[in-house]
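Look at the two complexes coming up: chain A is in both, with chain B in one and chain C in the other.
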Partner chain A sequence: MPPRRTLLDDDEDFPMAGALTRAAAAAPDPITLDFGAPPETLFQQLVRHWLNERHAPDILPVQAEVLGALLDHIRRQTDTVQALRGDPDSSEAEHVRIMLVQTEVERVKFVVRSYIRTRLYKIEKFARYVVATPEVQEKLSQTELDHAKRFSQLTENHFRVSVLQALPPHQQGLDDNTPFTPPMASEPDKSHAVIVHAREECPPVRLPDGTTMQMQKGQIVLTPYAVVEQLLAVGNVELI
Partner chain B sequence: MTWPNDLISDVSSPVPQTMALPLSLRNSVTPPELELIASEELVEIIPLISMERTAFISGAYGPLRPPTKAKIPLWMAMNLKMKKKCHIVPPDWLSVDFLQERLVQETSHPEFSQFPFRFTEMAKLLLDVASDDIQNSDKIRSLLKDIREARQAKSREGLQKIDHSELSLPNLCSMEINEIRPFFVRAMGVLTQLTRDPARQIGV
Partner chain C sequence: MASSDSRQYGDLATQLVQESRRSTLTDTLLKYNDTLVRTIIREQRNLEDLINSAIAAQADSAALTTTDAPALLLYQTAILRNKRCLLAYHAHRLDRLKDMYWALGGALPALLADNELRSRMSPHEVDFLREYNTSIMDFRGDFSAELDIAASITHPPRDLHALVRVVRDCGVIETELGTIDFRKGQRFMVRRADIEHLIVQGYLEEV
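And then the complex of A and B:
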């Protein structure tokens, strides 16, 4: 059926889908070492990373494995639905099942899209900073990195053609480092406050006022991003 | 002369540089997005149709055999409910007795009382879709409103304790956090600027 087909093709364009199809199993992530609670499902992991990405001022490491596995699962569910729909004598109960599976696929797709768009927004916003900072580049997928490079090149060319070439030479730079003014390439503001939820007991972290804070499992705290950056990278905390 | 508000915001709002993420989504998540997340929570239903056990992306659910109760995600329950294919069993906390008791606690104690983290979203979705499965839904609505107001007052008081490094928000729920976020984050940002190393402020 053509409309479903288009939706599927649309997904195959997603940059990070490839290469990781082997992680396809929808089984809970074996890395999760939380013995008390049931392990997170793949979708729950994506939702957590999506919210982290939405709230963090910085670009977080790309979750290529989770994303690849989920996109693969979406594709398999869609294929199953296709096959079932082709069956002319399916019962009403069968229709309900198909409808529910499709609904879920749309829900997952929504989160996948929003996750990718959130990253895209930050990558474009910080494009010139990304290009100049190798440590940040490691957090991006190859497609995202290519995009960042092209995007920053395009904007630089645009600035040059439309304004800079008409200015005196010493005012043409795009990387001037004038004291007491913000840098010319926008950088993430790590002092931006975020609201964190401790997923487990956390090692102590240093607060801006010089004291230390040790978060207990379940604790919710408002604090500058820089304070919890490491905890977030390890997965001790999540942003909410 | 005062400027009309819409004119000011028109002038000061930056031209959106990118279409990747609409302006309204850049600083926070929206209530509908929180509802989407909350509808992953499991609820109990009394199915009116049979369904074999089915593999979903978030796990396998079913089989549904009327009138045996089953646990399925809220989004699935809402979907079936809207097609009149199930009754939803409201969670224990969505009852007059429970909420009444919590309201008393909320108004007699200074700290926030405990609620399921996504209770606001779940209560809203359940009351929207399945109010006929919930006893005394009108009373429940008004209790939820009273609780919300009592808790909002506490949030505002909590703002007094904010500084530039850390503020604990015990027992706050997801929707409440989202509500206070813009103001609290900004407040902390201003305090951070004020306490920054004075040497760096020279010349600003």
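And then the complex of A and C:
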């Protein structure tokens, strides 16, 4: 059986009906039906996390491994391109290839940059909340956490010298907790609506009204972020 | 309320917040309104005094009078609201300053070199930008081997690059890829924005 499977894996044009019976015979697990889909490349993974990050109201866990691997790749590609470009014997055809690689590198860089900046934006927006909440800090890289701490300190200083120090002592706090007013440190709004695409069949989730929802693969739903938070963390769904 | 003044507590703070709103709508940084901020801070001290004297009066009469409690609540509400508005105004300005900082790709000297713009900032805001820049430089340093995270993220690269041939030597030019020494006969794949002016001046030619 194993050699047969390898053959099947490579044959993209295999008729669907045949594939179904064969796959079913090989293993009853429906996941084997997906054998034709190529695994996600690093870049595709980053694009998915990038979109998730852009659509989620909360700060998502940093994708340090994907990011690190891609940054290494960018550096290697850039070095190679640099070496080839510096070679006076490079032909016109090689220059075209170099151009293609570089355009691709620029595209990857754009996504990396946007991903980092999206996170940076949220981290600054919720800086005080991040500094006060250890669970959130685990989602950040060390660099991000350092910046969050510095930024929180920086804004606090600014408020202090511009406003607070001139007020009577009673009024100088930055964490007034009064009824009927929102807290002074912004926190992510997890009831924010998101559009979710199920990447695979999902375990059931509980909706705010108490009913449950089970998403089939490929299904697209509009729901509060809090409902799909866990599914997103596992990777069952993606935000679009 | 015995005040003969037609102005109510909180009116000035509303003005301040309206300035923030106008700033957003017109997409400009308005001049830092030092006078208004100071006046509101004076109102805050004034309100605090009123509260203190109301509490003192109440302590004298030993029992809570029906007239004092609503007055206290009113003062307290005004104080909290004013403080919120003051902080919101300053926070909004910081956001605008950060936006401008990023729009220039993190080039702080260029931002501060604009005298007209700088005259609209308070000295504390200039300090804030300087320290913010320091923190961001630290952050950027972590990625500097691969890319500059402060470069534009508004448009995905499409026609960002131009393949150019150097027609005339034009020396060392700063580009996103680092410094490039443009020598006659060489070819480069460079960001169009970096070298647009060199094409115009006839140093480079698009291939």
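Observations on the structure shown:
The definition used in the following text is that the second predicted complex is superposed on the first by the 204 of 240 C-alpha atoms of A that agree within 3 Å, B and C clash if a C-alpha of one lies under 4 Å from a C-alpha of the other, contacts with A are read in each partner's own complex, and residues count from 1 in each chain.
Definition applied: contacts are C-beta pairs under 8 Å (C-beta built on N, C-alpha and C of every residue); 3 or more make two chains touch, one makes a residue touch a chain.
Computed from a predicted model, the values in this text were never measured in an experiment.
In the superposition on chain A, A:Val221 makes contact with chain B only, not with chain C. Look at A:Thr211: by the touch rule set out above, it reaches chain B but stays clear of chain C. After overlaying the two complexes on the shared chain, residue contacts for A:Ala233 are found with neither chain B nor chain C. By the touch criterion defined above, A:Ile74 reaches both chain B and chain C. Residue contacts after overlaying the shared chain place A:Leu100 against chain B, while chain C stays out of touching range.
When both complexes are overlaid on chain A, the residue A:Leu51 reaches chain B alone and has no touch with chain C.
After overlaying the two complexes on the shared chain, residue contacts for A:Leu154 are found with chain C alone; chain B is out of touch. In the superposed pair of complexes, A:Arg117 makes contact with chain B and with chain C alike. On chain A, the surface touched by chain B in one complex and the surface touched by chain C in the other have residues 74, 99, 103, 107, 110, 114, 117, 120, 124 in common.
By the touch rule above, chain B contacts chain A in their complex via residues 17-18, 20-21, 25-26, 28-29, 33, 36-37, 40, 49-52, 54-59, 75-76, 79-80, 83, 85, 162-170, 172, 174, 177, 181, 184-185, 188-189, 192, 195, 202-204.
Chain contact summary for the complex, chain C toward chain A: residues 37-38, 41, 44-45, 48, 79-80, 83-84, 86-87, 90-91, 94, 98, 102, 122, 124-125, 127-128, 131-132, 135-136, 138-139, 142-143, 145-149, 151, 153, 156-157, 160-161, 163, 177, 187-189. Listing the residues of chain A that touch chain C in their complex gives 71, 74-75, 78, 81, 85, 95, 98-99, 102-103, 106-107, 109-110, 112-114, 116-117, 120, 124, 143-144, 146-147, 150-151, 154-155, 157-159, 161-163, 166-168, 170-171, 176, 178, 181, 184.
Within the complex formed with chain B, the chain A residues making contact are 26, 41-44, 47, 51, 54-55, 70, 73-74, 77, 92-93, 96-97, 99-101, 103-105, 107-108, 110-111, 114, 117-118, 120-121, 124-125, 179-180, 191-195, 207-209, 211, 213, 219-224, 227, 240.
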